[in-house]
Amino acid sequence: MDAILFLLFAAIAVACGINLVVQTHPISSALSLIGVMASLAVLYLLLGAEFMAAAQMIVYAGAIMVLFVFTIMLLNAGAEQRKGKSIIAKVLGVPALIAFLGLVSFLIQSLLPRSEEVKFGAFTGGTAQAIGKKLFTEYLLPFEVTSVLILVAILGAVVLARKEI
Amino acid sequence: MNLLNLVLALPLAGFLVTLVLPKNNANVIRLFALILSLAVFVLSLGLAAPFHETGNGNWFVTDVPWIQSPEIRYHVGLDGLSLWLVLLSTLLTPVSILVSWKYIDRRVKEFYAFLLLLEFGLIGVFVAWDLFLFYVFWEVSLVPMYFLIGVWGHERRIYAAVKFFLYTMAGSVLMLAAIIFLYNKAGTFDYVNLVDLLQRGRLVLTSQEQLLLFLAFFVAFAIKVPLFPLHTWLPDAHVEAPTAGSIMLAAVMLKMGCYGLVRFCLPMFPQAAHRCQSWIVILAIIGIIYGALVAMVQPNMKKLVAYSSVSHLGFVVLGVFSFTQNGLDGAVYQMLNHGISTGALFMLVGYLYERTHSLEIKDYGGVSTPAPLLATVFLITMLASIGLPTLNNFVGEYLVLQGSAAVNFNWTIAAAVGVILSACYMLWLYQRVFVGETNKSLSHHHPFLDMNGRELAAALPLVVLMVWMGVYTKTFLPMVSAANQRIIEQSKTGVETLVETQGGKRIAELRELVHGR
Amino acid sequence: MPTSVPLNWYLILSAILFGLGIAGFVFRRNIITVFMSIELMLNAVNLSFISFSYQLRHVDGHIFSFFVMVVAAAEAAVGLAIILTVFKNRATLAIDDVSSMKN
Amino acid sequence: MQHLWLIPLLPLAGFLINGLIGKRLPNFPVSVIAVASVALSFGWVLKTLSALGPLETAHVEHYYTWFQSGTLNVGVDLAVDRLTAVMLLVVTGVGLLIHIYAIGYMAHEGGYYRFFSYMNLFMFFMLTLVLGANFLLMFVGWEGVGLCSYLLIGFYTLKKSAGDAAKKAFIVNRIGDFGFSLAMFLVVVNFGSLDFQKVFDAVRPMPVEQSAGLLTAIALLFFVGATGKSAQVPLYVWLPDAMEGPTPVSALIHAATMVTAGVYMTARASVIFERSPMAMDVVAVVGVVTAAMAATIGITQFDIKKVFAYSTVSQLGYMFIACGAGAFSAGIYHLVTHAFFKALLFLGAGSVIHALGGEQDLRHMGGLMKKIPITFGVLACAWLAISGVPGFSGFYSKDEILMAAHHSSPWIYWVGVVTAGMTAFYVSRAMFLCFFGSYRGHHHPHESPFVMWGPLGVLAVLSVIGGWCFNVPHYLAPMFPLAEGAHDETLVYISVAFGLGGIALAFLMYVVSPGIPDVIANALGPIYRLVYHKYLVDELYGAVIVSPLVNGSRALLWRFMDAGLIDGIVNGTATMSRTVGGVLRLFQSGSIRSYAAWVTVGCVVLLMVLGVMAGGVQ
């Protein structure tokens, strides 16, 4: 059962990934990115990371992708004009990509040959409660620092996007 | 504030004050620089006093901590070896200032400031007993010479200045690495402690380590000497440098390299020095003959004298690496003689340049008719430089050859050929410039004048010294040979420890070589 | 059909997604798409974090990917603001026109 | 304490006075200072020798240590023994006469003060050479006289040939000094000191070396120095060219004193030479070869000074034959008599040239007997002396040498006798061409003033009575034991016969029928031309040594090695660093996509490396 789920959602993720790369219009690649994120959320669940799955859907897919879509809409960015990419890039591009991915996967396979089976429910450590405990004890400092980071990012965004520059 | 610190500090003070002086009237600056350098010279004469009573030992020693974290001390002192080199630099600075009275007309202030800074650097190099301090002064003396060549030089001055700088820098960087390595191993920069540790075997360097350290120091000094393959910067630097620059470069700066060889290479790395003796001596002999032969065919006067310096300093290296008392005494004495005679030669070539603005020999001819005094002074200087007895170079050359004969007579035969060649190219130069009909082109600028009072005043002390050092060496040599005696002891005792690091046969051969017949 | 999947498949998936991210980052011409492929790469990294934390059975991996998410958010905000200003000044989104850094 | 230092210091004082303030003084005071200093020095020599009496052993005076380094201690010490006494008398005596003669000869030449200051400087160095008590002080004088001969040969600064001749003389001398200094190094290395006393005491007990050993090496190297200074076969080329200098210079330096320094040194170091038979043979052979060759060249020359120059080279060869044969006292004896009649010959020639207003070519002279009788009378004495006519000084000393030569190796005797004949021939030829027959010149000759023929007269007297009056071998007996051998009368008659034969032949050819010399010259053709052009030795040296050295070092050493190779490497590193910089610059293209591409390529390479390593680890 787990395998089917994994294969299904892995396939969806890869398909959306390719679609993101191939599509000309940014809006469609944005949507395909949302697809990838959703499938990843499911995989997180498979790996027992409920909080992360939720966070993924809410923060990533919900907030950041909305921001992307909002920007694309705001800029009314049209599809990329195909400025005559050099033929080699087109011809060589795809096979090179496949070769590269194959090489990487072979590499991982050879590096970690006998990894354990992933069963749903084998590791239920990823609950919000466990993460919360760890977050506010061991990782308190990074937590505070990231809050500052977020603040800075907000200020930056506001300053940058001002009218009269 | 003992005398040595005063003699060292005054040029630095002079440098700073000159920079502050008003830029417009040059004479005030020239006068100030001259008076200051004369004062320094007179004071430095006082340095020789204790040596005349006792004959050797270290005097005017000040040993004050300077920097704490890497334990660097301001350890300054004077012994027989460095005494006369200090006096050489304090003597030649006023002479160079006098020589460039009219020669330098633009940016006068900076010129004299750099000259005084150069003097400060040079004196520092010869008196520094702390390796780090020595390295600092080594670099300090490099900078003003770079500007002297680069700013006031002739056409290709930038190329020459950069080449000079990079050559010396490459060498001195190696030396710095060696100094730091030594510091890590011994924990001190102080030369006296280092030699003491090495001698008593408390600090034992493996023979491979010692060889590398020796080579690092040796390359830095060989570039400065300049030894045969590393000499190509000298002719360019000389041709492009102004007269004062040439005098200081030839007379004193080349001695920094030779001084370094005697002071650092021999006592600190005796085994390595003995192992490298043969190929270094061969390089020196090649330098002697090669320098002389190439000097013979130079069309440019300054290049000729520059190559003659390569030849003369080949003698010094031969003397140093013969490891005999005679050879070392001769080498150090030859350093002083070469300073005087080549300094005077460059001064006179500078006078000729001032009159005709050309250094090519073919533009000259029959100068002795319009300028007999210049011709006679040049004759005396030339004779001194080719080693005529009763003049100064002869004693040095004789002792060097004598020292090398004690070790290996073939070296002496080869090196003595250099004495013949030096006569050839010098006489040929004198022939083409001074004898025969007067060349018309000499006086088409303005009439070819003879030496005036100022020029003679600059030349006279050197001529007197040439005769004095040649005839009565008792005022100069005893301190030098006392200092050398100690260095020979240090370089000899060191060889005992070499004994067990190498195979049987080699031991007998080395012991026999060192203790001589 | 095997009932469960070995862990390194997850890693392979993450690598593939990462590769796709790089492809998009390198070949695409539109800044926003490039930006999105970077997000994709970050997601791929998150996946590998979580799969490793599954293997090690402790939650540090999750926290770390949580922080990655936070950073990605901050980065997205600032990045999009920059894209806005670029668009306002240059009126183009193609990467190649934005090369004033040429020496 | 005889204050020997006064002898050399007086001429030095003369040099300093004339050198510094001579320019402003008129001629007369300059000459007074110069001659007075030499005369005082001569007087002091006489006083010292009379005070020291028989001089059985050397009288040494130490003044100060010149330099001291380790065990080697070289002091400024002067010493007088019988050999030095003889040399002192010759140097100061003949020197004084030549100085007086020079007053007249140089009267109307420019640079009067410069000439006399150099002459005094020469006297100082020659006296130091003779008086020196160690090899190094002798070397000081040795190089010093070389310097003065350079200055005086090149006295006429405007004449380029004079300058070149001076340079040639100095360099050839320097080659000789090269040998001398090498010998000194060997002496110090093996005997630890340079003082004559110490070295000779160390050498005396040493056995006579059968094969080439240490002493032979030292002796031969000393002899190289002697050939350089006394113009023997390999290094004689500078002496004929030295005639460019004024005639008093030729007389003083290139006849009487400097060139004899080599013979004096060989006699001084006789202890070493006697213990190496090989070296003695080399000395004798070089002597005889030089004598013969120089005599043949002398026959063909037309310049009167060149004839006498080659005669000097030849006579020096005789002295070295004597030294080679072991009869050092005979060599010194001939040195003394030679100083008299050769100085007289040169000064006489000078007086002839002076009379003819600078004419030196024998072909433009003739019939001067009537015009300048005094000069002729005086020269006649020298002519008979050098030809070995019995009763004159030359006869005594030359026969001593020939006896000794016969005693050691007969073939040298026979070559010597033939050369004696040739000597008589070429001197007579010069005399007949100059004084007999009709006047071929276009000047109107006038007799020289008293100041010139005065010294000539004294020298003439010395040339005549010098032989039996100064019995030098007898005086030097304690130093050089006389060879007992039978004084074979027949040998003397043979040599006298050759001498007179030479004169008669010359008389026949140049007075009776002047046409014959040209006939013989054409008959001999190429041989004559070869000998006339001095066996082309100068050209040979030029081609074999000088030009390859000069051109070789210009093309090979300077252009290729220095400028090409070493500078090439240095500049090469500079240009290489610039090109590498240029390539790297292209990376900063500004386009984000190229950066991205390079980042990816970097990752790929990294991955591959990891893969390889991982593969390896497996």
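Note that the chains are named A, B, C and D in the order they appear, and that numbering of residues resets to 1 at the start of each chain.
FYI, a residue touches a chain if its C-beta (ideal position, glycine included) is under 8 Å from a C-beta of that chain, and two chains touch if they have at least 3 such contacts.
None of these values were measured; they are calculated from a predicted model.
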| Pair exhibiting more inter-chain C-beta contacts, A-C or B-D | A-C
| request: Indicate the whole-number Å distance between the mean C-alpha point of chain A and the mean C-alpha point of chain B. | output: 72
| remark: Chain-centre distance (mean CA atoms) for chain A and chain C, in whole Å, is 6
| said: Roughly how far is chain B from chain D, centre to centre by C-alpha average, rounded to an integer in Å? | reply: 36
| message | Roughly how far is chain B from chain C, centre to centre by C-alpha average, rounded to an integer in Å? | response | 67
| note | Two or more other chains are touched by the chain B residues none
| said: Can you pull out the residues of chain D that are in contact with at least two other chains? | reply: none
| note | Shared-interface residues of chain C (touching two or more other chains) are none
| said: Going by the touch definition at the top, which pairs of chains touch each other? | reply: A-C, A-D, B-D, C-D
| In the complex with chain C, residue positions of chain A that touch it | 1-4, 6-7, 10, 13-14, 17-18, 20-21, 23, 26, 29-30, 33, 36-37, 40, 43-44, 47-49, 51-52, 55-56, 59-60, 63-64, 67-68, 71-72, 74-75, 77, 80, 83, 85, 89, 93, 97, 100-101, 104-105, 108-109, 112-113, 115-119, 122-123, 125-126, 130-131, 134-135, 139, 142, 146, 149-150, 152-154, 156-158, 160-161, 165
| task | Spell out the part of chain A that touches chain D in their complex, as residue ranges. | result | 100, 103-104, 107, 110-111
| Tell me, which parts of chain D touch chain B in their complex? | 64-72, 136, 139-140, 143-144, 147, 150, 154, 157-158, 160, 163-164, 167, 170-171, 174-175, 177-178, 181-182, 185-186, 188-189, 549-550, 552-554, 557-558, 561-562, 566-567, 570
| field | chain D-facing residues of chain C, complex | value | 22, 25-26, 95-96, 98-103
| chain A touches which residues of chain C in the complex? | 1-13, 15-21, 23-24, 27-30, 32-33, 35-37, 39-40, 43, 46-47, 50-51, 53-55, 57-60, 62-63, 65-67, 69-78, 80-85, 87-89, 93-94
